[in-house]
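The following block contains the structure, expressed as structure tokens.
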Amino acid sequence: MIPVLLILIPLITGLVSFFLNHSNTAKSWALLSSFITLTVAIAGIFFYPSQQLAFDSAWLPDLGSRFSLSMDGMGKMLCLLTAVSFPLIFGATYKNQYKNPGGFYGLMLLTQAGLIGVFVATDALLFYFFWELALVPVYFLCSLWGGEKRIAVTFKFFIYTFIGSLLMLVGILYLYFHTPDHSFALRSFYNIKLAAKQEGFIFWLFFIAFAIKMPVFPFHTWQPDAYEQSPTSTTMVLSGIMVKMGIFAVVRWLLPVFPNASVQFANIIIILSVTGMLYASLIAIRQDDIKRLIAYSSIAHIGLMCAAMFSHNKTGMEGVMIQMFNHGINVIGLWIIADVIEQQLGTRKFSELGGLAQKAPVLAILLVIMALANIALPLTNAFIGEFLMFNGLFQYNMWMAAVAGISVILAAVYTLNMVQKILYGHTVAATENAVDISSNVQWVLVVLAIMVIALGVYPQPLINLTKDTVNAIMVNR
Amino acid sequence: MNAIILSALLGVVMMFSGIITKNKSNITKIAAVGLFLLLVANVLNTYGGYVVHVDTHSLLNFEKFGLFFNSIAITATLIYVLLSGKEIENVGVNTAEYYALIFFVLCGVSILSSFNGLLMLFLGIEIMSIPLYILTGTDKRNLKSNEASLKYFLMGAFSTGIMLMGIALVYGATGTFALGTTSISPSAGVVKTSFLEVAGLLLLFVSMCFKVSAAPFHFWTPDVYDGAPGVFTSFMATIVKAAGFIAFIRLFDTHTDVLGPTWKILLAFVIIATLLIGNITAVFQQSVKRMLAYSSIAQAGFMLFALYSNNDFAKEGILLYATAYSFATIGIFAILIKMKDYTFDGFNGLAKSQPVLAFANTVFLLSLAGIPLTAGFFAKYYMLASVVKTGGSLWLVIVAVVFAAISVYYYFRVIQAMYFKEGEPETTTITTGFKTGLVLLAALIILLGIFPSIVLNYFYF
Amino acid sequence: MSTTEILFFFLSALAIFSAIMVLVSKNPVHSVLWLIAVFFAISGHYILLNAQFLAIVNLIVYAGAIMVLFLFVIMLMNLNAETEPQKHVWMKLAGAVSGGCFLMVLVSLVRQATDMQHKTALMKDGNIGLIKNLGKALFSDYVVPFEISSVLFLSAMVGAVVIGKKE
Amino acid sequence: MPIQYYIYLCLALFSIGIIGVLTRRNAIIVFMCVELMLNAVNLLLVAFSKMHYGLAIGANPETTVGIDGQLFVFFIMVVAAAEVSVGLAIIVMMYRNTHSVDINFLNRLKN
Amino acid sequence: MSKLVYLVPLFPLLGFLINGLGRKSMSRSLIGIVGSGAILASFVVSLLIFFDVKNNGASVIALFDFINVESFQIPFAFQVDQLSSLFLLIITGIGFLIHLYSTAYMHEEEPQHFGRYFAYLNLFVFSMLLLVLGANYVIMFIGWEGVGLCSYLLIGFWFKNNTYNYAARKAFVMNRIGDLGFLLAVFWLLFRLGTASYGDVFANVSKLSSFDVTAITTLLFVGAMGKSAQIPLYTWLPDAMAGPTPVSALIHAATMVTAGIYMIARSNILYTMAPATQTLVAVVGLATAIFAATIALKQNDIKKVLAYSTVSQLGYMFLGLGVGAYTGAVFHVMTHAFFKALLFLGAGSVIHAMHHEQDIRKMGGLKKYMPITHITFLLACLAIAGIPPFSGFFSKDEILTAAFAKNPIYYFVGVGGALMTAFYMFRLYTLTFLGDFRGTQDQGNHIHESPSAMTIPLIILAALSVVGGLIGIPEVLASNAHSLEHFLAPIFAESAKIAEHHHLEASQEYLMMGSSTLAIILIILFTVNRYKKYRATEQVDSSFSKLLENKWYIDELYDSLIVNPLNGLAGFFKNIVEKSGIDGMVNGVGRLVGYGSRQLRLLQSGQVGNYILIMVLAIVVFFVIWFNDLSIMRFFSKIF
């Protein structure tokens, strides 16, 4: 029952939110809703017996599709991430003013419902449904409340991902007709035996969909633009949670369903990912815009996760699991800071910033912590994930790991560059009259920072949470 | 049979209603009531209730499939009349006659959903087409309407000629007009199809392609849909087109094995051409109405998949597709004909001035684009699934989804205009009833998008 | 060569010649007249095939009613002068060539159609074309389409009124 | 008479009709060419009807095989008549508005 | 007692938190007390642990599971043994002195920055303690990166100055390059052995192939290169002088740069198993020692000279490690910690007095103004130059002797470096303290001896520098007097078993000691003489000395070889590949659709004739496709 609640709460509150016109009402409503979701998620995940975490009911009997939801470790973790992120996002952007606030928060909550749905669906068709449900509200969010070039950019994003998901749909259909019992159930999908050629072909259909979502080089070009143009709270959802959809989907729907193809093509994909890591890192070095920098940095991080997934060993997979959560936390923190800077100073360009540390020491500290997490410094959460992932990649191919490792160095270059350009040096025109962050943002960031460090020092809870998933996937390797 | 008889009678009733009352809205009400009766009669028929028993000498064959399509078509027409009745009244003075013609078209539709021989197919097509030639030209002062009417008529007559030649050749080879009989030369012991029959079927195929506006026989569609009065375009693009598909599928249901493997190649060629021309050309259009014309071609490309795969999935799917597509398109046209300006820019800022319209329109467009949670998704889904089920031809499915993604481009242009652009769209007066109707229709589409079984189970079987 | 054959070839030649004249006549009225000649030739074929009813109906409906209607319209529009502007010669050529191709393709098919190789159409004999038999079939087996065609006429009638009536 | 002769004849007439449709600009003539096509089909149907009759009569002298072909012709004529009435009405309407029946002038709707 | 080892890093951590969070509300003195007190407390605990280890031997204290996955476990555990306890003492001891010194040195800062400074310092010590205490390579890596971070924070402490920020970033990035090597080595270990804990790794060394060992040790050494500023990753260290002077002392003496030495000493078994790597270490160390020394010859910034001297001394330590003189290397770490801390603090004292003037050409004659500083600095110079019986002599001698045993070339080159050391140190000393004052009038008026908070550490360190060497008296001079060797013996026992032993004749050793000492004394005398009369005007630079002054143009070389090409590549990716290439392709598809749309719509000409023509043609084509047995074609060919 818990997963159903997790989907229904944001869904219903989201729909209600469309009818709230007053800004503060809508905000409080959304915040309330997200807190309820969080409570339910925590209660459900940690305190309820596991049979409460599954739900199954007839949906489309003649299609062989059931409304079946279930949470394994990875699902729990990502639901938790989603549930944690939304209150933080709402809290951090509480002071932002939107035209038509009811619509904005309504769409945000619908996105949340879609995201949770993706993470808990154990029926391929249902999964596809939620996959799209998460996309459509984001389209409207970005196009309505985004930056100057929002319409074209969001449109590109939408069509890009839509092509991907349609290809996936073809793949799902194909698999459906090859299931022994003509069903969309995850379990049935796992039992499919395909001929090598077919498996390879369908594998790519799925992979392209997921690669676009993650995004993996060279399918990434929608991402920096979309991140740049979206309203920041949407960007947080996009990069904090939505990209995890791609990774999640690979773990849940790609690797176990195409065991042979995913080994066969692992080389190509890892090469792509590693290329993407270096490529994105290098581009990030030359960025002059906070948002674009974070976007490219995110591409690099995702590249590592993708490479680690296809390394086909438990270590790498454990790393991916942890990193899914941690990357979400970290990148949301960075976006919040980017948002604060943009809202307050009216610019995101490094060339127009500087010396903020003098004016806003609290922001400076928190930015430094987030930046350190971004470069995976030990004792921040990202280190554990990256350590395990590199480890996994190393076990697959040490040269790949070595080459990919260069991105670690580059990450330090561009992240510290960002920190320096924003915080250090003398104040400039834009930062002359800057003040420190408001208390709501401060609290959110402090919570995030605490999570960053706590999970960096003691990551074991996350590892334990996702152990079952890793073991289930890697059972035959 | 109920539907055929009753729709013909209702047509006559409508003709006379013009004499009884001069109040146009009363005529609309009569038509709506008539449609409702027609629906009831057809549903009765579906479950074994007959008004009169007629021995059709197996010229007609009333299967659930066809009867159920009738219900869909009649429901769609009812929705259409309820939403756009006002506009039908505004086209010209002969409101009663327009409705009469609409009922005659429905009669043709009912025949097409149950024909069991080439004769009834021919008659059905003609009964459906001839009123349409007229409806296209009802805006008599408008040269575009005239032109569309004449173009439609000339090309329609030409395609009738092609069809008849096809029928004649099939008859020459088989000696009968009934469906599903094949001349097999007994000499070789191998099933060898008569060249004449194949040639005839090919010509039939061409003329049916013409009717459902499949490329490269689609050329009449954009011009006619554009030129015809908006209300009637709506009718033509939805119910009539769907009926064409039903006839198409019924016709080729039993013949595919006769046609040999080349059949699929040819059909694939037609499908790709249709998708290509429909989708690509729609991208550049400036008028929403004309865009919808091209989009209807594109949608036809998808519906052709039902023909291509020709299995139970396809049959269920085409019904769902017809429903989803008709409902959504009727909705969009109902909104479109309220607008003063049919271009994309005419929709600018609609979300501000008419949020309900914009919302409903968005749902309809999403449905046409095939986004999940709308009926359009399952429609497309069934089409793709039916092809995948046949095994092989995955490449065709992939081509189709790529075009489906392109279709998002032009559908979303309307959404962008409504929501993201500033403007003061001019509309005719919009009543609360109209809004309610739109919202209900949108809700129906979403409902079908979540539980398509409503259409497929509760009514169908 | 039997009389039937001579008649057949004569009528065929007449039909094709008249049909071509329909195309090439610049004056629409002439076209109409040539078309009527085609119809007569075809009626002749019907008689040869002993389809008497159709032969008569063809003359009455087509040559009598329909063509007169055409003639009326042409007269009404005062198109008897050679007013029709000529199509571009390339378009004409393209039309002729593609029509010719169509013919070629079909003819080549018919030549290969082995099942048509030794079949003949029964001339003169047979009474299915007689009005008695046709009527019997029409009002028994084919009564449904017969009735339904009334809908066709109704709609044509309504249509003509809608289109033709002055507003 | 060999049935192929009839087929060739009818195909020729049919093709002439098509060529007429393609080469003439006068809407009425185009329509007449369509009628020519229909007549070609009619003749073909009658010929086939007699062919099938001829094939069947050997087995059963009372057979009515082939009668459906002739009835079909009858229905084609019915439809043709209806079509002509509508078609001419449309052409007349067009003429009233533009004073021309040239189909090349029908180009307001394009692209 | 060892159970309480967690207290050692805990105190600095608490100090960091208290100072970091309360820096706005606390007074300077409170901050100072908290900051220094935390280290002092650590020092006390370390002392207890030291004696505990001395008496009871080593132990591993596991705290909790850091990473526990299927394939391996990384416990958060502390290794308490001879080596780490020794390093604990050095770190906390010297660290404390530097903290104490800082309370006075940084007194001009605003309280909040003062607090920030002490927080960073405490964090630095914490990281270093973690590095040293970690019972596996992963925990070590945490400290390893942690000190990198702290150096970044401290070098860029005055963040308004962008040059400093660049220096800080450079330090971090260079360290990261090394860290990558370290990390890869850890992966390799985990891959091959499934563990990163010292005990397990060293016990299972025999399971590794010789290639594995060589690769792992080389990669570890790459890490050490970065952290301990060896060629080619040394350039950050001189730039790191941007930070406050006590920080330099901390980096150079007690923390950070010694990490590489510690790591290799810790992994001595691995290195002993990999002679190729050992040679590499020795050569790189020696090269660095010489190379840095040459640069130091011509530097004029007081701290830069010291920085290059550190690089050079670190080179010696690596030479020691490379030739298997692990004890010697550790010994040198210790003595170097004493005198280098002293030198930096002394330099800090000078700079403090000179109001942040760092150019030695503008100093001179400070002897009379700052007696304590002068004396202690002189002692330190003597120690680093290797004059017996100062501490530097013993440690350096031990290394060089071992080097000679391995390969005499090492020795001679090493002695050459030692001579240069003597030269540049005394050049520095002379220019600073002897001769006439060359600064501005204003500076001259304000010169004064530093406050006692600064001088007391100087004195303590001077004492240590003088006598520190006595714990490592070589065998030749007094048998069994090398107490350090005995203390550390358990750590290096395994290596000692494997390594080949060279024994030198006692006479040979005497000869070496004597001759080198003599040479050094001569050099010192020459140098003092040469620079006593130094005038700022006498500047006739040969091109070679210009080369030295500009540090062999290595920074410029790196810029043009690595940084600029990489930047160019990044720009190429950003502006060309991304925009026109990949994104261009994506957008190109869109444009293609648009173009296709504009062309395809022309098909819709509006002409009925054309429409029907296309239909007819399509029918013909369909027929041809359908009857694709070419019979139609044959028919056509018959006609034409």
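Which chain is which? They are A, B, C, D and E, in the order written, and residues in each are numbered from 1.
Operating definition for what follows: a residue touches a chain if its C-beta (ideal position, glycine included) is under 8 Å from a C-beta of that chain, and two chains touch if they have at least 3 such contacts.
Note that this is a predicted model, so its numbers are computed, not measured.
K.L.:
List every chain that touches both chain A and chain E.
P.N.:
Both-contact set = B.
K.L.:
State the pair of chains with the top count of C-beta pairs in contact.
P.N.:
The chain pair sharing the largest number of C-beta contacts is C-D.
K.L.:
Give the label of the chain whose average Cα location is farthest from that of chain D.
P.N.:
E
K.L.:
So which chain is farthest from chain A, going by the mean of the CA atoms in each chain?
P.N.:
C
K.L.:
Of the chains shown, whose Cα mean is nearest the mean of all protein Cα atoms?
P.N.:
Answer for the innermost chain: A.
K.L.:
Quick check: how many Å separate the C-alpha centres of chain C and chain D?
P.N.:
One centre to the other, that is 5 Å.
K.L.:
Per the centroid of Cα atoms for each chain, what is the distance between chain A and chain B, given in Å?
P.N.:
43
K.L.:
In whole angstrom, how far does the Cα centroid of chain B sit from the Cα centroid of chain C?
P.N.:
32
K.L.:
What whole-Å value do you get for the distance between chain A and chain C if each is reduced to the mean of its CA atoms?
P.N.:
Distance between chain centres: 71 Å.
K.L.:
I need the residues of chain B touching at least two other chains; which ones are they?
P.N.:
If we look for residues of chain B contacting two or more partner chains, we find 119, 123, 126, 130, 133-134, 137, 140, 151, 154, 158, 172, 195, 199, 222-223, 406, 409.
K.L.:
Which residues of chain E are in contact with two or more other chains?
P.N.:
Expected reply: 601, 604, 606, 608-609, 612-613, 616, 619, 623, 627.
K.L.:
Hunt down the residues of chain A that sit against at least two other chains at once, touch-wise.
P.N.:
Where chain A is concerned, no single residue meets two or more other chains.
K.L.:
Who touches whom among the chains?
P.N.:
Taking the chains two at a time, the touching pairs are A-B, A-E, B-C, B-D, B-E, C-D, C-E, D-E.
K.L.:
Which residues of chain E touch chain B in their complex?
P.N.:
Contact set of chain E toward chain B: 593-594, 596-598, 600-601, 603-604, 606, 608, 610-612, 614-615, 618-619, 622-623, 625-628.
K.L.:
In their shared complex, at which residues does chain C touch chain D?
P.N.:
Result: residues 4-5, 8, 12, 15-16, 19-20, 22-23, 28, 31-32, 35, 38-39, 42, 45-46, 48-51, 53-54, 57-58, 61-62, 65-66, 69-70, 73-74, 76-77, 79, 84-87, 91-92, 94-96, 98-100, 102-103, 106-107, 110-111, 116-123, 125-126, 128-129, 133-134, 137-138, 142, 145, 149, 152-153, 155-157, 159-160, 163-164 of chain C touch chain D.
K.L.:
Using the touch rule from the top, collect the residues of chain E that touch chain C in their complex.
P.N.:
609, 613, 616-617, 619-620, 623-624, 627, 631-632, 635-636, 639
K.L.:
Contact residues on chain E for chain A in the complex?
P.N.:
64-72, 112, 138, 141-142, 144-146, 149, 152, 156, 159-162, 165-166, 168-169, 172-173, 176-177, 179-180, 183-184, 187-188, 190-191, 566-567, 569-571, 573-574, 577-578, 582-583, 586-587, 590
K.L.:
Within the complex, which stretch of chain C touches chain B?
P.N.:
Chain C residues touching chain B: 106, 109-110, 112-116, 140-142, 144-145, 148-152, 154-156, 158-159, 161-163, 165, 167.
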